[in-house]
Amino acid sequence: MSPIHALAAAGGNSPSIPAPHVEYGQLSPMLVVFGAALVGILAEAFLPRRLRAATQLGISLAGLVGGFVAVVVLAAQGHATTRAGLLAMGSVAIDGPALFLQGVILLTAVLAVLTYAEGRLEPRINGHRIDAFAAQAAAVPGGEQERTATREGLRTTEIYPLTLFAVGGMLLFPASNDLLTMFVALEVLSLPLYLMCALARRRRLLSQEAAVKYFLLGAFASAFFLFGTALLYGYAGTVRLGEIADVVAGTAPVTPALAVTTQNDALLLIGLAMLAVGLLFKVGAVPFHSWTPDVYQGAPTPVSGFMAAATKTAAFGAMLRLFYVAFPGLRWDWRPVMWGVAILTMVVGSILAVTQQDVKRLLAYSSVAHAGFILTGLIATDRRGVAAVLFYLLAYSFVTLGAFAVVTLVRDSKGEATHLSNWAGLGRRSPLLAAVFALFLLAFAGIPLTSGFTGKFAVFQAAAGGGATPLVIVGVLSSAIAAFFYIRVIVLMFFSDPQPAGPAVAVPSALTATTIAFGVLVTLGLGLLPQYFLDLASKASLFIR
Amino acid sequence: MSYLLSATCAVPAVGAVVTAALPAGTGEARRRTTKAVALAVSVATLGLAAAVAASFEPGGARYQLTESYSWIRSFGIDFALGADGIGTALVLLTAVLVPLVMLAGWHDADPAAAEGSFESKRRTQGFFALILAVEAMVLVSFLATDVFVFYVFFEAMLIPMYFLIGGFGDRAGGPDAARQRSYAAVKFLLYNLLGGLVMLAAVIGLYVVAADQGQATFGLPALTDAISSGKLVIDPTAQRALFLGFFFAFAVKAPMWPLHTWLPNAMGESTAGTAVLITAVVDKVGTFAMLRFCLGLFPDASKTFAPAILVLSLIGIVYGALVAIGQKDIKRLVAYASISHFGFIIMGIFAMTSQGQSGATLYMVNHGISTAAWMLVAGFLISRRGSRLIADYGGVQKVAPVLAGTFLIGGLATLSLPGLAPFVSEFLVLVGTFTRYPVIGVIATFGIVLAALYALMLYQRTMTGPVKESVTGMPDLKARELAVVAPLVALTLLLGVYPQPLTRMVNPAVDDTLSQVHRTDPAPVHPVAANGGEQK
Amino acid sequence: MNSLIPLLVAAPLAGAALLLLGGRALDRFGHWIATALAALSCAFGLVLFFDMLGRDTEHRAVTERLFSWIPVGGFRADVSFQLDQLSIVFVLLITGVGTLIHLYSVGYMAHDERRRRFFAYLNLFLAAMLILVLADNYLLLYVGWEGVGLASYLLIGFWQHKPSAATAAKKAFIVNRVGDMGLSIAIMLMFAEFGSFAFRPVFSAAGDASEGKLTAIALMLLLAACGKSAQVPLQSWLGDAMEGPTPVSALIHAATMVTAGVYLITRSASIFNLAPDAQTAVVVVGAVTLLFGAIVGCAKDDIKKALAGSTMSQIGYMIMAAGLGPIGYAFAIMHLVTHGFFKAGLFLGAGSVMHGMNDEVNMRHYGGLRKYMPWTFATFMAGYLAIIGFPFLSGFFSKDKIIEAALAKGGTEGWILGTCALVGAAVTAFYMTRVVLLTFFGEKRWQPDAEGHRPHPHESPRTMVIPMVVLTFGSLFAGGLFSLGDSFLHFLEPVTGHEEGHAPLSAFAVSAIATVCMAAGVGLAWLKYGRKPVPVQAPRGSLLTRAARRDLLQDDFNHAVLVRPGSALAATLVFFDSKGLDGFVNGLAAAIGGLSGRLRRIQTGYVRTYALSMFGGTLVLVASTLLMRSV
Amino acid sequence: MNPVNYLYLAALLFTIGASGVLIRRNAIVLFMCVELMLNASNLALVTFSRMHGNLDGQILAFFTMVVAAAEVVVGLAIIVSIFRTRHSASVDDSNLMKL
């Protein structure tokens, strides 16, 4: 019983509230990251401008790597398996999936932050290195203020603490064991992202538009999530996932109130559906995907990469926990619905991507399609499914990050040249980069010997094992369609003649190079020798309740 | 455990990486070193393949020289290799053809002036590296005794093949050659990818079914044994579905009518060497896989669908030949001829008689050799005149008799003239089919007339008659080109007169396959006392 | 001694390989190598022949097994030769005539720069033909069968720069392929029926098989024979085949290859004897062809085509005889041999004439040549008399025997066949006389050739004359020799079997009637061409003549019934392939693209639309969740 | 009085908010509608908290208010910046990115 219940039981007139017991050790990953974020704010406030960029990068890397180390240590101590447990009065669960996903998110974040700091791509402005982010976000685009800011080579270093906060939220999201924590985590990860979308240095109108769209729709979605929470609370009288499961299963002690509310399944089912809406929005599943292309296109490319990779990971983590911990009993209610969503997502995502002309939008739609593939794994509703989803998220994150990092390098005078026509003949001019991007595309397409194939195989196998054969068939067919547009890009890069005034490929610093290299490494590694990570995923595939 | 097989696959793979990494540059010297290295690698592979064939005992176990390394334990996947008679024969074919293809395409990857400044400096390296990559993957798929491993390389080989088709066309294309080429490449890839993905579903399905019955493995011998011993029982419906899943992929790859339309584009637009790689090597993986996987894993379903498949292949035989007759483009004609031939191969496989299947296997090898000869000579011809249109040629035999002669031999092999290798296999397939399905067998024999038509028409129109001014002064075959054609012609003759080395290798494997599907040859109505040729 | 048998084949084969691979180095003396090897093969043949005569009848047939060719399951094809009385006859004919024609070609092809290749092909032909007659199983026979087809293809089209030659060559090969189809189906039938296709086992087991099966096999063999031996309905290629150099016409399209069909039927006697219906088919084909060829022969002005028609007709005789069964086989072969001699002689003569007349082939441009080329004239006359069956020359004996046999068939059938044969004899006499008169008699009708050179007829070189002379002996005496005490008959009997036919007429009567017919034919010809001068331009002629000039419309028929529909079908399929199948595939891709284009529209860019889609989605989600529970 | 009525009210408010989001143009108003939805949820939470006789719901409500406040900050920041750029707060004006 949580203290709140105790209070209620005590009739509310005993003032003594026992101090909650918090396992700081096991929460350390999040704490470290949040701490770093706060330090970042302070640095932002007190450090002189010229020092900020470097310091912020340092702080963020320190925080993220520290967090990752903490995750590894926790996992090593067996908190992923034997010593997995509920923390902070049961509001946070540290178990296999949580730690695995936190690890993935942190690694992704590290690489993303590296791409933030890339200063070689934009031409120097009177000696100042500048990056992909607005000189002064508050300044009106094209206004005098912005021009001066640009001239002084200002940089929006706030991006770093914002990212850290978002990462903190993402770490909490898949680990949150009650709906309240989940809601808070959702907002904590979303709000910074809204802002980060608005921070592009070039094409600021698009950037701001992306932000406003993302914000309004995000808020809309979280409203649904919250109302769903309310309804579920109404049904079960609690927001703890585990306890909800008990109530659903009918194993919970029946209070008179419960006796009344549990009569009304509508509460439960509608609540479930609305929660699902909130999460499906974050993972970008059809029909809640419409924001993805616009936001991915408008946001600064490094941020798009970060969002595409990390947000999806976190959101799927939360979804897994919600469905596997709170509603295993309702499997027969939500599985068919999820079938529909998955099929719709795979098909619509793939088909819409076929006619895209902008690389970032293309990647956005492909991320939608992939959300569909991951959902098929989620529908398996068994450990194999969980493991498959975890592995897929791992594989997918790094490919996505790498792909967006490559996008940042193909530039012309107006910044990144994201229109596909500009990519014609890239393979002739810079074969290496084109080859790398082709590798990522092939991984997206799920060609064997790349991580994409292993992941796809895992989820499809899990789905088939779970008796969702039709899903698998739809899956393979839509991957065939998906292959079509990945191939189109490859054709464009290698087989068509370059435009005379086509874009140049900027030579990145070690930062972006590291990200891309890591992406390639993981893509091939998980394609050729996936065994270790598959083991890791399946070890980490058990939820604590 | 011997490492011969893995070595055979590894050498070209490593060679591919090395070749790709060789110093770039458009200088002639740089290019020559690249080519030399690649050729050396392929020859080394040939040596290893020969070693495999040598150490293979026809009488022995179905799979020999087996190796197995745990790859993905979670899915019960081992990187398992093993050579059986059929696989070994095709490994030899591949290893023999690749060096010749390289030699034939010696200058195909030299930067074309047309593509000028944007031309990648790594063009030559890329071309030869890709060929080696294809070889490596093909070899693995011929030797894999693990369904998953086979699938992976079956799929993966599409990518280098795709770049070969799309990246390096013959210089005979029209103004929109580049567009045509990339269209062909995309078509090739999407067709085969679709097939592969459908197969993926079937592979997963197979694993799920097997795992449910405690056979959580992709190991082919294990699965086939479990099936034939009844330890693993796939219910008919599932079995049919899985069979179709596998067969679809192989039928696209083979290609079988009506899934063939990618082949003419691919062979037409790519260089002659690449075309040979496609039709003589890569496509064989498809027919090979029908024989090894479809029949081995789904015996009952195979028997259920055999008649339908036979009809389709029969259509393919006649259809391919007729369309070939109507072609205006030399390479497309060869492509359609190949479609007709693949009809024969598939027919032999699903006739489910020892003659049919041994014939089909020999057919794969012989068709590889003869078509290679025909296609490569055609390539030499085309490279001289810069046109693929039959109408642009005439009277070549006057100016280039050797070229014409070899081209004729290629054509005669294609129409399977007795004494040349293809005759042996074609007749075996026909007899094998006839003994079980007389009507189909008889109709199929029309194919030999049609084959004569397209082969000789092509020869007549290009080589005979008055010398067209467009071909006057056309040089005869050069030493390099002779070096390419001579071994092929020699092999065609040798295997036509003395095919025993192959049959000895293939027959046991075929008998094993037949026992897997519980089929025996239909007995003659009035068997003669003394066996056929046996009279001393 | 048997080890000589493979050498029979090996010698010419080696020659062919040597000449083809040898390159220009052999241009100067290559033809002599080829001739020598042919002669060597002939020598081997003679040795084997006398060796055989040395043995008593039942030990004459020998088999020499080299190696197992295609062993798969019950399917055993061996490379194994069988030399018996039948094959030795062919061996001697092939190698003998072959050698002579090699010799002849040395002179005939003297000025052709591709002479080396020509001789290579000739050797190749000898080898293939010997395989054909020596094989001890049908599959090996098939190898020789198509081998000679290939050789004939190469030689007909030897002057490839002439489109007509190239076309004729292709036509010959393809028509033959149709026949080959029959042969391969026959082999398949045998394998399915007996589990073997080697002569001995099949013949020994033939008795067990149902008559239907045997008839099927026999008919397929007949189809093959029709292809090779230019019998109706597959006769159309032989006329065009005359595009080849004359020695080729002599060797392949007169003496040897075209008679392979007769060999096949005779060899398969044990099958045909048990399939009377098939035999009827055979005699019908034979009878029809013998008249068909004869009629065509009458109308042609091209000397070689006239002779080709004659060949067709003569082989018709043989096929008919073979179709008569045991009463006819031996005579078929006998006529085959004698015909080999005199027809080869006639062709060589024709070649010699052309040689002297700047390759002019139109007999209307000849005339009065007897003074200019006496040797040619003499030898040609000998052949002429032989073929028309002038008493006591080769043709007389062999042809009369066939006529007797035909009559001996008995009943109306017998009478019909006999009549056909006699009419054929008369017509033969007519067209051959016509040839002789047009060529050697009458006034000169020489025309300048394309370059305007007036011909200067002259006797051919010795290398060409000698073979003609040698063949003359064959034409004159072979028949008589064979019939002395029916030696030939008794020699072959063990293989072909023989039973005396009982003709309704006495042998003498038959000969008398035949001779009368012959005389009639000659007379008619003399009235038409001997007495009055022959117009240089062919008169329009009767309907029949015009039809006959066009080979009785056979090509028009084939073209209308097979070629045009075939090419139409091909064109249709090409269209269907690109527009139909491929169109479907591309259409699918386009459809997806279009769908994508349409679906994109929902991405309006308006936040509120997005919100709407979310809201709608939510409603659907909620509704379906509730629905799931209610159902 | 039956607490269920409060639930009806909450549902009503939520629906009003949602439909507001769908039909209004002004970003600020849109945002207000979202806030309305949040508060509808709050009402529901509090009601349920009362029905179940435990305080979780009320706690949740408090959290929601905090979150809403944070959201306002972020939201207004974004909306204001875009307003200064475009001199319009209509969400329909910002559709440069579509299809």
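Chains: A, B, C and D, in written order; residue numbering restarts at 1 for each.
As a working rule, a residue touches a chain if its C-beta (ideal position, glycine included) is under 8 Å from a C-beta of that chain, and two chains touch if they have at least 3 such contacts.
Just so it is clear, the structure is predicted and the values come from calculations on it, not from any experiment.
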Chain whose average C-alpha position is farthest from subunit B's own: D
Middle chain, criterion being Cα centroid separation: B
Chain pair whose interface holds the most contacting C-beta pairs: B-C
Whole-Å gap between the CA centroids of subunit A and subunit D: 24
Geometric centre distance via CA averages, subunit B-subunit A, whole Å: 45
Geometric centre distance via CA averages, subunit C-subunit A, whole Å: 80
Rounded Å distance between subunit B and subunit D, as computed from the means of their C-alpha atoms: 65
Multi-partner residues of subunit A (at least 2 other chains): 212-213, 216, 220, 224, 293-294, 484
Subunit B: positions in contact with at least two other chains: 190
Numbers and ranges of subunit C residues touching at least 2 other chains: 589, 600, 603, 605, 607, 611
Every chain pair in contact, whichever chains are involved: A-B, A-C, A-D, B-C, C-D
Of subunit D, residues touching subunit C in the complex: 18, 21-23, 25, 30, 91-92, 94-99
Residues of subunit C touching subunit A in the complex: 589, 592-593, 595-597, 599-600, 602-603, 605, 607, 609-611, 613-614, 616-618, 620-622, 624-626, 628-629
Parts of subunit B lying in touch with subunit C, wherever the complex brings them together: 187, 190-191, 258, 260-261, 319, 322-323, 325-327, 353-355, 358-359, 395, 397-398, 412, 415, 417-419, 424, 427-428, 430-431, 434-435, 438, 441-442, 445-446, 448-449, 452-453, 456-457, 460, 463-467, 497-500, 503, 507, 511, 521-536
Residues of subunit A that touch subunit C when the two form their complex: 212-213, 216-217, 220-221, 224, 265-266, 269-270, 272-274, 276-277, 281, 286-288, 290-291, 293-294, 332-334, 336-337, 340-341, 348, 351-355, 481, 484
Parts of subunit D lying in touch with subunit A, wherever the complex brings them together: 7, 10, 14, 17-18, 21, 27, 30-31, 34, 37-38, 40-42, 44-45, 47-49, 51-57, 59-60, 63-64, 67, 70-71, 74-75, 77-79, 81-82, 84-86, 91, 94-98
